[in-house]
Every structure is written in C-alpha cells, then in structure tokens.
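Report on the structure given below.
Naming follows writing order (A, B, C, D, E, F, G and H), and every chain is counted from residue 1.
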Amino acid sequence: MMKSYEDHGFFKLDTHREKRQGFPEIIYGEGKTSEQIIEIVRVMIEKNQRTLVTRVSEEKGKVIKEALPETSYNEIARTICWLNPNEERFLYNGYTNVVSAGTSDLPIAMEAATTLEVMGCRVELITDVGVAGIHRLFDKLPKIRSGLVTVVVAGMEGALPSVIGGLVSHPIIAVPTSVGYGTNFNGLAALLSMLNACSSGISVVNIDNGFGAGYNAALIHKLAQGEKVKLLS
Amino acid sequence: MMKSYEDHGFFKLDTHREKRQGFPEIIYGEGKTSEQIIEIVRVMIEKNQRTLVTRVSEEKGKVIKEALPETSYNEIARTICWLNPNEERFLYNGYTNVVSAGTSDLPIAMEAATTLEVMGCRVELITDVGVAGIHRLFDKLPKIRSGLVTVVVAGMEGALPSVIGGLVSHPIIAVPTSVGYGTNFNGLAALLSMLNACSSGISVVNIDNGFGAGYNAALIHKLAQGEKVKLLS
Amino acid sequence: MMKSYEDHGFFKLDTHREKRQGFPEIIYGEGKTSEQIIEIVRVMIEKNQRTLVTRVSEEKGKVIKEALPETSYNEIARTICWLNPNEERFLYNGYTNVVSAGTSDLPIAMEAATTLEVMGCRVELITDVGVAGIHRLFDKLPKIRSGLVTVVVAGMEGALPSVIGGLVSHPIIAVPTSVGYGTNFNGLAALLSMLNACSSGISVVNIDNGFGAGYNAALIHKLAQGEKVKLLS
Amino acid sequence: MMKSYEDHGFFKLDTHREKRQGFPEIIYGEGKTSEQIIEIVRVMIEKNQRTLVTRVSEEKGKVIKEALPETSYNEIARTICWLNPNEERFLYNGYTNVVSAGTSDLPIAMEAATTLEVMGCRVELITDVGVAGIHRLFDKLPKIRSGLVTVVVAGMEGALPSVIGGLVSHPIIAVPTSVGYGTNFNGLAALLSMLNACSSGISVVNIDNGFGAGYNAALIHKLAQGEKVKLLS
Amino acid sequence: MMKSYEDHGFFKLDTHREKRQGFPEIIYGEGKTSEQIIEIVRVMIEKNQRTLVTRVSEEKGKVIKEALPETSYNEIARTICWLNPNEERFLYNGYTNVVSAGTSDLPIAMEAATTLEVMGCRVELITDVGVAGIHRLFDKLPKIRSGLVTVVVAGMEGALPSVIGGLVSHPIIAVPTSVGYGTNFNGLAALLSMLNACSSGISVVNIDNGFGAGYNAALIHKLAQGEKVKLLS
Amino acid sequence: MMKSYEDHGFFKLDTHREKRQGFPEIIYGEGKTSEQIIEIVRVMIEKNQRTLVTRVSEEKGKVIKEALPETSYNEIARTICWLNPNEERFLYNGYTNVVSAGTSDLPIAMEAATTLEVMGCRVELITDVGVAGIHRLFDKLPKIRSGLVTVVVAGMEGALPSVIGGLVSHPIIAVPTSVGYGTNFNGLAALLSMLNACSSGISVVNIDNGFGAGYNAALIHKLAQGEKVKLLS
Amino acid sequence: MMKSYEDHGFFKLDTHREKRQGFPEIIYGEGKTSEQIIEIVRVMIEKNQRTLVTRVSEEKGKVIKEALPETSYNEIARTICWLNPNEERFLYNGYTNVVSAGTSDLPIAMEAATTLEVMGCRVELITDVGVAGIHRLFDKLPKIRSGLVTVVVAGMEGALPSVIGGLVSHPIIAVPTSVGYGTNFNGLAALLSMLNACSSGISVVNIDNGFGAGYNAALIHKLAQGEKVKLLS
Amino acid sequence: MMKSYEDHGFFKLDTHREKRQGFPEIIYGEGKTSEQIIEIVRVMIEKNQRTLVTRVSEEKGKVIKEALPETSYNEIARTICWLNPNEERFLYNGYTNVVSAGTSDLPIAMEAATTLEVMGCRVELITDVGVAGIHRLFDKLPKIRSGLVTVVVAGMEGALPSVIGGLVSHPIIAVPTSVGYGTNFNGLAALLSMLNACSSGISVVNIDNGFGAGYNAALIHKLAQGEKVKLLS
C-alpha cells in the first residue's frame, strides 16, 4: 500500500488528502515560525499545489514574502497564498458572496474570501452592511440573491445572518467575530445569535473562523457547479 | 412625620410611593396566593388606585375574578387590572409601540402593553414582525416611527431591536424573552444580542420582564407629553 | 403591489415565501395547540403545499392525525407531514446522508431526515455508528462518501463530525444533541466539540435542531442537482 | 432617489442618518487609526455636523488634536468632540443627571456626559456617591430628583441604580462598569445586579457603554422638551 | 481511646462533635425519609441535645410532628426543632439581626433565625426592607445597629448587604436567595453582588443557605458574649 | 449638622466613618497614582488615623515610601501602612489565625494579616499547610484552635476551609485565591468549593480579597474582646 | 472477515468487544424501555456474558426482575446484574476501595462498586467519611492504603480526593456527584475541585459517573494483578 | 516522632513523601525564581532524589542549567530533570504511550512523557495523529495496543480519547490542552469532550496538566509491573 503521507521531519504532509477530501491541506500559521512556514510552503509549491497559510502576522508575512517572492501576502486577511501561474485561477462558474457587517469584521471576511479564491471560487465581497443601516443591505440584495452561497461575517450582536437568511433561497454560512466589548464576551453574543437565528438555511462556524466558512462555502460552490464527488478508491 | 406606608399584616402598602415615584406599587403575583392578591387588590380599589397584578396564573386569575368581578383578567398577559371607571382611561396624548417578533413572544408583549395602559398610555401593538420576514416589519414602519417610544419584544436571537433601532429616532426598550431552545439558554442569547446591539438608542430589561419594559416606556411617554416632574416635598 | 402574506387571524401565512426562499414555511409545533396546527395545515393542504410541522408531541399528533387523516405522524421524529399524492415524492437525484452516533440521537436524526424528504431529497439514514465502535462507521464509509451532503447527529462528546469530516470531501452539517448528563450541560459539550472540530468542511446548527440541519442540507442538495437560483422579481 | 450615504473610500458616511434618526453618526474610535479618525472628523466638520469620537486613546488623541486644533480631547472620557462655535451649545431645557458610584467609574460617566452634551443636553455630573456611604447620595437627592432622566454608572456590585430607582420618578439608564476584580468577572456582577434591580424604571446598556447610556438619555431628554418626532419622508 | 462517634446503622452520630465544635450536629433533612429523621431525632432527644433538622417538607413535617409531638415544625422555615424544656431557651445576652429584603426571602430568613435560636441566641427579625423602598430600612436602623451581628437575606439583585454594610460597625453575613427570574440565574446575580459588595465587613454563604448564615452568626454571637473557646483535649 | 465628609478635590475623606463603622476608610490603591496615594495618606497621618493602602505595586510603593518615610511598605502583601508610634500597636487580647494552603497564596494571606494588624489585632500566620500534606496542618492544630477567628486562604481546589471547619469551634472566613490554571478559572474553582463547604461555620469573601477577610475577622476579634458596639448618635 | 457485531433489530450487540476491550458491553439503561432491556439481557445471558445494566429506575427494575428472576436488582445503585453462577465471582486478587463522602453520595458509590464486582474485582466500600469529620477517614486509612486503587465519590465541595490523594501511593479515580444546592451547580463545584486537586495521582470522570469510575478502576485492578494485555488479532 | 519534613527557610521539603506516596515531591516551577529552584534542586540532588521541575520558562531554564550543569532542560516540555547517573534509568518493564493530536499539543505531551521517565517508566511518544486524519492513528494502533497505559493529549475538540478508548483495553488518561480559539474557551471544549467521552476506560486531568497525566500513568505502570503497595508504618 502506498503511504498516505510524507514525513518531512517536524511536519507530515498529507499527500493523500487531495484524493480523500478534494483539496490539499491548509496550513494554520499561528504557533509556527516563519522558517517552518517557508519550508512547508516550498514543498507545496514544488508539488504544484494551491497553497494557503492562515493567521500569519504581518511580521512573519514579510519574512516569508522575502524568502518566497512568488507568494502573495494579504495583510488584512493575514494569509500567504500561492497559485500556480500556469493554472486557471477560477475553477468553477458562479460566485459566492462574502458579506460583512462592520469595518472591524473585514479581516475575517477577507480570510473567508481568500480561502474561497485559493479553492478556485469567484467571490463577491460586500462590506459594511450591518443591520443598523439596513438600507445599505437592500441596495446589495439583488447581487447577494444571485450568488450560489453566502458567507455572512458579523460581530457585536450578530443579527445580519438572520436578516439575510429571510431574504435569500440559498445556504448561508455564518461567522461570528470577536468584535465587540463587555457582554460580547469575545464573540459569544454573536455566536449565540447565529445559532438561534429565526431564519432557516443558516449554519455556523467557530468564532473568527473565516477560513472554515470559506472552506465550507467552497465545497458547496463546487457541488453547485456539477463537481463530481471523488471517492477514495 | 406622616408614615410613608401602611402595615396590612402580611403586606406593607407603600402609600407614599405615588408621591415619590408618580405611580402606585405594581403587585408581583408570583409566589402570592389568590387570597393574598384579593386582599391587596381590595385595599387598592378602596383607595381608588389604578391597580395592576402581574404573573397571575389562569387558575388564580379565575378565583380573583370571581371574588372581584370589577377587575379584568387578561389570560395572555396573565395580569389582573382595575381602572376607576369614572376616571379617564388614557392620561396622555400620543402612543407607545409594543412590537413583538414571534407569536410565542406575545404574552410578554401583552404584559408590557397592559402595564402601559394601566399607567394611562395608549399602545400600538404590532406582532409577528420578526426579522426572518422583514417585509412585514417594513409595512408597519410608518406606524412605528410615529410613536413616542417603542418596546421591542423578541426571543431566539433577539435581532429585532437592532433592526428597528436603525430605523427610528426615538428611544427603544428591548425585552429578551425565554422563547427558544438549546443554546438560547432561556433567553440569554436574546439578552446578549440586545446588549450588544449595533444601533444606538436601545436599552434592555431582564429576560421576560414585559412589565419592566412597559413601566420604563410609560415613564418616558409621560415625560414626552409634558408631565411635570413631581418632587417629594 | 400584491400582498406577500395572507392574514388568517391568529397566524399570517407567508405566501410569498416559496418565491422568496424556494420552500413554503415550516411550522414549529411547540407552543401551538392541536387546533391551531390543524387549521394551519388545512390551509396549506388546500394550497397544495408540501407541509411539515415539527416538535409535535405524541398526544397532539394523535388529535391532528384524526382530524386530518391524509397527513402522516412520525412518532420518533415527532413531525406531521403532508405531501401531495399526485406529485413526485423526490424532486432531485442523489441522496443526503443522515448519520447518528447513538440510539438516543435517533429522534433528532429522524427530524432531519423527514425535513429533507418533505423538501424532495432522498435520504440515507445510518444510525448507531458512534466513535466508540469506529469499525461500524468504516463499514458504512463507501455509502457515506457517495452522498452529496452529510448531516451528522451526535450527543455526549460530539466527536463524530470530526472523524467523518476527515474522511469525506463534501459538506457536513453537524447537529449537537442534548443526549448526555453531568458536564454535557444539555448538549453544550457536543456543540463546543463540533464548533472546534479539527476537520474542515463542518458547520453547525443549534442543539437538537434536526430540522435546521435537514433544511440546510436540502438547500445544498438542490444546488448540487442544478437547481436554478430563483430571484424575487 | 437621493443616495442615503456617501462613499469616502474606507468609510461610508451615513448622510441620511440625521434625517432618519435625528442625530449624525457617532464614530467608534477603537480599531481606527488616528489618520482615519482625522479624515472622518474633517468631513464632518466641513458639513457642520456636531462630531463625537469615542474610545480614543491618549496617544491618538494628541495626534488628532494637533491635526485638528479646533476639536477638543477629553482625556478622562477619551473622546474627541467638535461643536460648531456659531451654534447654540445646548439645544434643550432641563438637565440629565449622570451619577457615578466610585472614582474608578468616572471615565464611563464622563463618556456618557460628553455624549449628552454633544447632543445638546445639559448634564449634572454627580460622582462618588456609592451605596457604601449612602449619606453622600442623600445630600444630592434633591438635585437628582429635579433632573429629567438619570444615567447611573456603577461597577463592583452595581447596587446604586436599585437605590436611586426607589427614590425618583423619572427613567433611569444604568451602566455597569468593568471596575472590580475576582467574581466581578469584568462587569458581569454589576450587569446582573442592574438587570435584576428590584426598583422599577431602570433599563440597562452594555458593560462600560457610557456612550450608549448618554445617547439613550439624550433621546429621552429631547422628547421631554417637546422635540417633534421627525419622520423619514 | 473513646470512640468519637456512635454507629446507628444507617447513620453515624458524631457524639464528639459538641466537644470539638461546640454544637451538636445539625440534620440536613433533604434526601432523608421521615422515618430516618424520626429515628435520628429520637436519639438526639434521648441524649438531651438541642436538635435542628432543616429542609423538611410540609408533608414530612406532619409525619414527624405526629410521631414526635414534643418537637415543633416551622412551616415557613421548613425546620423541625427540639429544645429541652428544662433548659434555658437563650444562652447568651444581646441579639443578632436577621434582615430580609422581600417577602419571598422570608423562608430563608426564618431558617437562619431558627438556627440561631436553637443555638441559644436571641434574634431580631426585620423583614421587607429591600432597597427599592429604602425609607423602610432607615426606620429600622437603630434596632439593627444595636445588634451584635446581622444576617442579611436578599434575592434579585442582592443590594441590601452593601447598603447595610455601609451603615453598621459589626459583622454582616450575607445570604443570596434564588428569588428572581431570567438573568437572576437562580440566585447567581445576588451572590455575585454580595461577593463584590463595596462595603467592608460582609462575608457570604451559599445561595439559599439560611442555616449556614445562622450558624456563622451564632458562633460570632457566642464569641461576643465572652464564650470561652473550648479546646479538644 | 456637621458635615460627614471632607472634600479634598479628587477625593472625599469620610471623616464620619470611624464613628459610623468603627474604623477609618481603607484606601484601595489600584487605579490610583502614587501622587494621589501620597496626598491621601498625608491627610490621614495628619489626623492621626491608622492608615492602610492595599494593592500598591512595588514601583508605586517605592515612590510613596520615599515621600513618606514614616510609612512602611510590605512587598509581599503589597500594602502601605502607618500606625501612630505613640499609640498601642495591639488594641485587643487574643489572636486571629491567618492560615494559607500554598506558597503562592502568601500575598493574599499577608494582605489579610496586615489588615488585621492595622486594625489592632494580633495575628498568628500559618503557611504552607495545604490538604495534600495534611500532617503539616495537624502539627498546627492546637495553635489554630486557640485563636478567636481563622482566616483560611487557599487557591487551586480550595479544600482547606472544609477540613479546618470540621476541626475548630470558632468562625472561619475563607478567601479563595486565583492561584491555579486551566479549570481553576482564576479562582472560581476555589470559590465554589468554599461556598459549598460541607463543614459549618464558614463564610466566604471575593477571590483574592485578603483585605476583606482581614477586615471581617477584625470585626469579630473586637466583638470577642468585649468591644462595645458604637452607635451613630 | 467475521462480522464484529450482531444485529438484533433495535440494537447491535458488539460481540467483538470482549476481544477488543477485554469486557463485554455495559448497557446504559436510561432511555431504554424495560422490554428492550429484558431482550438485551436475555441475549447476553444466553451467551454466558457477565451482564450489567446501569441507571435502571426502581419501577423498571421490578419488571425486569420479574421477567428474568436470575438477575439481581440493586435499588441503591440502580443496576441490574447477572453473573454466571458456575463461574468464579472474583477473577483477581487484591481489592479496590470505593470511598464516599456523604450518605447522599451512596448511590453513585454503589454504581461504581457494582461495576467493579461485575468485572471480577473485590471491593472495599467505605462510606460517610467526608472531610468535615476527618477523624472518621483516619480510622479507615490503613484499609484504604492496602487497596490497589481508590475510587473517591464526593459531592458538595468535592474535597475528599485531595485529602486522600495526599495520603496514599496508588491511583485515585475521583467522581464528582450532583449532591448539593445553589452554587454547587449540579456537581460543577465538586468537579472543578477534583480537576484542581493539589495532590498528585488523581484523575476525574464525569459528574455522577459511578460506572465510569468503576470501569476505570477495574482496568487498573486487572493490570495490577498481572492481566496480560490482549491484542485484537 | 521523626519530623516528616525539613524546613529550608522559604520551602519545606517533604522528606516523608517518598515513603508515604512512593515518589519524591515534584517542583512546580511557575511563580518560583531561578534562585529558588536552584536551591531546591541542589538539596534534592544532595539527597540523591530523582528530580523534576515543571513549568520552567526558557529564560529560567538557562540560568538553572548554568548553575547546575548536571541537570537537563527540555525546552519543549519546559522541564528541569536530574536522574542519578549511577542508578538504572528505567525501573519497570513495559511502556506507557503518550499520544498527541496536533503539533501544538506537543509541549503538554512532552511534559507527560518527561514525568513518566523521571518516575522510571519507558514511554512511547506518538504525535500528530488527530482524528481529522484517522489513517495516521490506525498505522500506530498495534504499538498503542501493546502499551500498559495510554496518555492522550488533545486540544480543539478533544475527540481523540473517545476514538482510542474504543480501540484499546487498557486505561486512558486524557489531557485537554488549551490549543484552539474562539469557543474553545482555553481548553474547555476539549475538557468537556473528554469528560463526556462515549468510550469507557477514560479519566481526565486538568487542562494542560501534562505532569498530572504522566504522574497518574506512572502510578498505574508501576502497579502493572508488580510494584508492591508500600504502607506508611
């Protein structure tokens, strides 16, 4: 039996994963040194794999970018990406919406958007449409309704998914953020709101988990575009 | 010095309260027997005081109503009221909105509405306008905007005050209800939403405290209609 | 403008909803009397709408079934359904998996499965494959992998979605149940597990929210089968 | 239709808001750079709008003050304000009380007071009257009773609103602060106290939300002085 | 060595306890059958020991009273007591105050008072002096100040100990009760208030632990009256 | 009427307090600058009042000590004290025990001990007698039993008060500390332990509140030594 | 490949389990009907397997006992057991201690003891040795020290494992019980105590999980008596 | 009687402990200075005792290593060890597994492994086998099954112990780590998962308590290898 992962000393690269799950491993940057990230990314680029590293601080980002100039660092999303320049950037038709409530929610929204793009999905990014100024949201509604899936990112009271959920007919992935203070309890208020949303069609990921929401949305986006389900033979 | 309360055995009637706070004591029915409530209400009627008893179960309500047929029992709000039939029902101009999100929130909304009416304020009751069907809310917006104050009653994710808060220019009293299940935690989800509302002009009362919201709204309603502030001489 | 809902006295039927969201309103049975449910269901049957009422106790179920013998009551899922006998039962190809960990999780799994079926999706129900006997799960893996979406229902420590999430390449909707005792805190342990799942592709709904999970899965199932996104004109 | 907001690149200025809600947008300074704040404030001054920026650190405050010497920075309240020197400072008669329990609660009390003043309301600031030395409070009672509304700011056990609530006949907005340690849980103890206050007429805002309390109080203050309710035509 | 306890089958009577701790064992009635309580009390009466059983339901109380007519059952405090009729009822001079905020707090206050009396201390019971009507408290202040210790019993926001704590110079034992609803969280709000009291000289016992407060107060009362500290030889 | 406090600009000195509560105000140092503390202490020394400032960081302590060399700074307890050198150091007979479980609990134990001493009570400090090595505790038992009151300071699981409570016949004031990690939740584990102690005679103060425990113990110590209760005339 | 479980309609019997884990499946009785339990137990008896059903209410116990008179029902432990009368009752030398703090903890202690016995281990049951009367514990210490493992069952503040942990040199399995009230929070106080125990050698199971503790202890007991580790071939 | 501990000024060395508990005291490094640690370790080396200091920061580690070059510092486990070079390193046959889920859990796994080794037990360290890539775990299963005990270290959702628990027949000590974010709540999610594990044979220690898990495992390892239980004579 072929081995399903390669051992690279401090990390094991799950080479089987793309077969098993349809997408190579995403690297969680927090708690890894720039040197470790550089080494992992180098191996992935050599294998021609679409590469995404999340939670990369600005400081680390600079070091990595310098060592691997072919990668790109997004300082709002705090991600390092690499896409094969000879490959199609977008793999599927249609688009996924990433909608955020306040300006402070932008980093998480960008993390979701970047994840979607690395996974080959077009993204429509719609920001600053929190429920306190609901007319802004209505301006964007036709755009949102034409998307395949919608990621909704909101902190504070996290009411936005409930409102959008009542207005669209496609799945919504809600991301609570830790934006707020006091009884926000670092995103708990928004999380509970989203889990208790009175609209149907909403599911929720962990607080500040922009990557998770983007990944989920990309799986749905692929399904919606006729992607065949790959089985592990 | 005149005594500021009368001792009626098992209860002390705060006769000074109307002077000190502008409204006679409201009776909290939970934990009191029908007999105790009847005795208290009888004393208040004798003194010609507007009377409100909250949290009166249907069973107790019947007993009281039988003993004191001049009172009225509202089985949704679970309140016993008595207003002097020779006195004006409404003491102030304008009206306060009581808006509720779902049908299950109705009892709390009714408790708020009844409280306002006993305190002499007209109420506009608007129900079943939760954010999942936001077009229903928009139908009612002109009505809501013309009110002096708005009490917003919502369970589940409690998003309604945030949305209304962004659309009106008067004070909002938000009441979280314990309607919901699982991570609703008996109203905690709605409470946190309301405390973290991104709209301004919203303040919050305890879970299921329809009476408290109505009382607050009535104080503001009175102020808005030129009520002179009474000082305790 | 045409009115977007009909007022039937104690309830407003959102007639626009199917247009706006692609599926008629689901009725939440808890807190409604049998009489109210019967009246609502009757109106929906008259309009030839696929009908689902959730959280219907056995006692209420009997009364409703007697009044409306054309409906069916599922006593495990605690649902009342009605499908037009002249209409195709299943509207889409493929199937969604509903996987449950323990026997006590079955009611919630059944609620999810019933929701999917009422929405026209085929369901593969796989029960009793908790992680404590992981060989049972592996027996079912080929089946699970060929599905379009997987709903995973688990109480206690809620570990099942993490394990399945590492083995399939399609979206997973995880439902924590309140099955457990002590530090389970009525499903909180399972909920936190699922929100913190180390596998990607998992999103979560409220504790015991089988309906919500089924609804989400059905939206994805439809997308995966080429359902056109309907816009509200 | 006229557009209801102007897009200034990184921020959208809600120009419609004054019409819709009777007061221009307040700027939440946390998470914004001095440069961003300066740019926003400049636009608002150009439009002759009363301007308030909250949660501005001393460091940022200095930079902003230097760039815009016509603004004033309050280092206790941590606010930047600008009022048109050719306009009346106070727009309404009467005054609102801002009462604080301990010296450490002063910053939040000052944030409330500043908000009220920017919104055109006179403020009576009464500090250091916590319930542990209740005679200090009684000295101030006549003053408090003559106000239109009272904002009460308290940390630790948050008992002050309950006591004042039993002594006045006008609305009270209670603000829990995060002052305390141990089981204070960053203001949770005070918040719960205030939500459970046994006196009537008290509503509550988020922990440390001095701005929110001031804003609420100002809305009531305006109503009390005959402010006409503006409708969005 | 003499054995320090007697084995009576299903219970061990700690006969050494009076020597070691100055007072015989108090019986916690919850979870014991009437028969078990009767047997224990009979043994204690035979030994001429002051006897107190707490948390005895009305139903059990009747059965016990019938079997042991020399005991007395207090249906508010839910206690069974027996004092030797040939012994002095009160063993010490002075009195301890037991002060309660609302009528619903009375059972817990009575449990504290009964405990004190069984331990030989005179009690001054002062009820219904919650902070919402603070003038009632001030009427009783001279009485309270002349006591040796004060037990303060309060539910809801639990503010009363803070206020009394600022007005007296002796120790205060605060008892939070589970009286309240919503965010009261079964007494948590009152408990946190009391632990965070801004007045000095307050210590706290478990929610609804009237017995514990009475026991503590009695130990202090005894010390204050020159009780010699007994050492276990 | 004589004024009951002096206004010293940024602070009000409660000159009446000694009369009303038997001991001058203790200064809570956290959140005050060295300059503010120096000014307050200077006033108190001028008035010949026993002076205690708690929660004074080492850095501030040095500055204050330099400005006021007659004061003493205890770097473990983090307190500034001043006692009149011409006055008796100890005002009462007997002693209070301050017992701590682990070495990390020492600062809180020292804060309690210092408070007692400033209030004129002798202290027996017994450290490092946690329940994991219970023989150490038994060595000290005769000493502990001869005290008038015992303050027990413990972090982690906070079991020490329960054990001591079963072995002595005088009142115990338990102080939970925030020493621990993980599920200790900054002292919550110890607090809950102490509130649920199965021994009688234990009351509890806030987490890390060494001062509060010392103050309570001193009040009891005074009572035990025949201190007359002073009434406010 | 041989199938590793048998399908008996509503339950799957894990026949492989004894091979894989060294002990047949234990049946969790809660949520199963008497009929279901009878059917399962009948199959296990036919296979000559040691049988244990936990959480069997008294009512169900009677029905089962009547149907299967060869089983025994323990009404304190609430368990149904069956041991092959032709097989040795005890399979290993030595004994495990099951120690409980209060009389109310007895049911959980008995559940642990019964589990151990069904798994072939001798048990020494030591009850009513809570830390409030620590001399009772010391009487039993030699007995406890000679055991192989100790299960410690305690509610309220859960201090007993810490004390025993400091006195023995073998592993301790601590079981928090839900015995207590108020801040006990249904066993949370005891759980946190045990997780934060300052003694080493203590591990913890879920609240009220007597079975889990017994099972763990039995695994260790077997190891200590030279049980060979069985591998799944 | 011989004294059971030596007093070394700031620390008491429990010399009796090895007799009483079978292993010398482990030093908890957090909150101790390098100098204090050096002094303690020196005494222990002089007494020829196996020495372990946990929670030693890298900075302190260097200072200690320099002062006592015969010790070894493990920078991942953050421990200082000393073993007598003339003594056997391993005292028992067989091995204990230490299994960790993710790379970030390694420090806690290493702390457990180091503790086991200092106590004389061989360790098999198996890392990076989280449930998201369950095939990695199955590769290691034969190794794991042949161990005597297994320590399982996992953060995030903490599902690994449940899965391993269903596959082995020996005791499992589960260690939740604080690895994760958002609703992980610093390890609470993993802790609750482990306490609610549906597999039997799992007990749990405090969050991040690698030492505690190693210590427990070592006690069992010793028992499994025929270690006689030592009684304190």
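Keep in mind that, in the parts below, contacts are C-beta pairs under 8 Å (C-beta built on N, C-alpha and C of every residue); 3 or more make two chains touch, one makes a residue touch a chain.
To keep track of the chains, here are their UniProt names: A, B, C, D, E, F, G, H = Nickel pincer cofactor biosynthesis protein LarB.
Computed from a predicted model, the values in this text were never measured in an experiment.
Shared contact partners of subunit E and subunit F comprise D, G. Averaging Cα atoms per chain gives one point for each, and the point farthest from that of subunit F is the centre of C.
Looking at E-G and A-B side by side, the one with more C-beta contacts is A-B.
Note on A-C: across the candidates F-H, E-F or D-E, the interface recurring with over half of the contact pairs conserved by residue number is E-F.
The most distant chain from subunit A is E, comparing centres defined as mean Cα coordinates.
Averaging Cα coordinates per chain places subunit B and subunit D 26 Å apart.
For the pair subunit D and subunit G, the distance between C-alpha centroids works out to 59 Å. The geometric centre of subunit C is 37 Å away from that of subunit G, both derived from CA atoms.
Across the assembly, subunit D contributes residues 133, 166-167, 182-184, 188, 191, 195-196, 200, 206 that each touch 2 or more other chains. Applying the touch definition to every pair of chains gives A-B, A-C, A-D, A-H, B-C, B-D, B-E, C-G, C-H, D-E, D-F, E-F, E-G, F-G, F-H, G-H. By the touch criterion stated above, subunit C contacts subunit G in their complex at residues 103-104, 128, 133, 135-136, 181-184.
Across the interface of their complex, subunit B is touched by residues 20-23, 26, 142, 145-149, 166-171, 173, 191, 195-196, 200-206, 211-213, 215-216, 219-220, 223-224, 226, 229-232 of subunit D.
By the touch criterion stated above, subunit F contacts subunit D in their complex at residues 4-5, 10-12, 14, 16-17, 30-31, 176, 178, 186-188, 191, 206-209.
For subunit H in complex with subunit C, the residues that touch the partner chain are 101-102, 130-134, 156-159, 162-163, 165-167, 180, 182-185, 188-190, 192-200.
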